[in-house]
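So the structure is just underneath, and the comments pick up after that.
Chain lettering (A, B, C, D and E) follows the sequence in which the chains are written, and residue indices restart at 1 in each chain.
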Amino acid sequence: MLRGIIRGNIVSTRKQEALVGSKFMEVEIMENGELTGKYVIAVDSVGAGIGETVLITTGSSARLALHNTNAPCDAVIVGIVD
Amino acid sequence: MLRGIIRGNIVSTRKQEALVGSKFMEVEIMENGELTGKYVIAVDSVGAGIGETVLITTGSSARLALHNTNAPCDAVIVGIVD
Amino acid sequence: MLRGIIRGNIVSTRKQEALVGSKFMEVEIMENGELTGKYVIAVDSVGAGIGETVLITTGSSARLALHNTNAPCDAVIVGIVD
Amino acid sequence: MLRGIIRGNIVSTRKQEALVGSKFMEVEIMENGELTGKYVIAVDSVGAGIGETVLITTGSSARLALHNTNAPCDAVIVGIVD
Amino acid sequence: MLRGIIRGNIVSTRKQEALVGSKFMEVEIMENGELTGKYVIAVDSVGAGIGETVLITTGSSARLALHNTNAPCDAVIVGIVD
């Protein structure tokens, strides 16, 4: 899993129907408490906002965090770090 | 998920039958709004064209965006960024 | 699979319900016995603690090590290296 | 998906039974039409040969291109680029 | 798939029950016949030993090479290169 800080959100009006309502966040990855300059785009599942530090699950496991587990999504924000 | 700009398309006449009709696009990845010089090849599922900024889902989740979810494909364009 | 040393733990109060009770550890990866300066966050399944050298399984296979195999998790500590 | 040029083949007499008959090819990856110096080993499913430019699918989706979808394989050549 | 040379084995007494009996090998990856200095840890399924050149399958496909396909493992040695 990855930890990172939400830097922004991405808007896509024309997209797969199963992704309608998804909030796409761009997250800067941290390792050992330091920012890496690498980014991933993840769908929020816990009500996280810009500037918050979050946990991200990637791959097919990510879909288990969504209401629609058949959505074509490979990265989901699954927790907010205290 | 990844964000990037479609740079070109790739034509393959001789391919797996389940991929017939697929439009293969080469996409340059962006992170934090900047081009990275890294590329991925993804099948289009939303009618995207060259020069458009898109969202890509990778891995087994990508197949959920295709009509044929048994196609041997690991990356699909699932949205066009506004 | 990956080998690494547990460097710390990460606390997330607000998270996916299926992850409640999970212990998130930040692990520094080793290759060929040397530290790499790269990190991964994994859920513990074997009672490992900070400073211990562990084995990590990533991807969808990781979930097979959890009580709840539907938890949205992509990395699990599956063994402690002697 | 990846695009690359087949550079050679790899012979393995002693292998998993489900892989008997598989043709393992070493492929140099291209990005944006340029060689990267990175390589992947993929099983051929379309009759491709050394020197040809091909499309590769990786991960669990790759197996869908094989006769035996239970073969322990994570990369398959699924098309020849024109 | 990956090709590499087995450099050593890793012993883990305290581990997930489904991994009991697994032989964990640390393998140095080769690309285009040259050593890369990168390593992966894989479970042996073909009786390979230190110094041998092997083929490795990663991800969920790897488990198909094991007797227990529910073992939490993401990399398996599936062949010995001639």
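Structure notes:
Rule of thumb we're sticking to: a contact is a pair of C-beta atoms (placed from the backbone, for glycine too) under 8 Å apart; a residue touches a chain by one contact, two chains touch by 3 or more.
Being a predicted model, the structure only gives us computed values, none of them experimental.
Note on connectivity: the fewest steps through touching chains from subunit B to subunit C is 2.
To fit its Cα atoms onto subunit B, subunit A must turn through 70 degrees, a value rounded to the nearest 5. Where the sister copies subunit D and subunit E meet, the same residue numbers recur on both sides for under half of the interface positions. Centre-to-centre separation of subunit A and subunit C, using mean CA positions: 19 Å. Centre-to-centre separation between subunit C and subunit D, using Cα means, comes to 31 Å.
Within subunit B, the positions touching two or more other chains are listed as 59-60, 62-63.
One ring covers every chain here, and the order obtained by setting off from subunit B toward subunit D is B, D, E, C, A.
Every residue of subunit B that touches subunit D in the complex is listed here, in rising order: 7, 10-16, 18-19, 24, 26, 28, 38-43, 59-60, 62-63, 70-75.
The touching residues of subunit B, when paired with subunit A in their complex, are 1-3, 31-32, 45-47, 55, 57-65, 76, 78-82.
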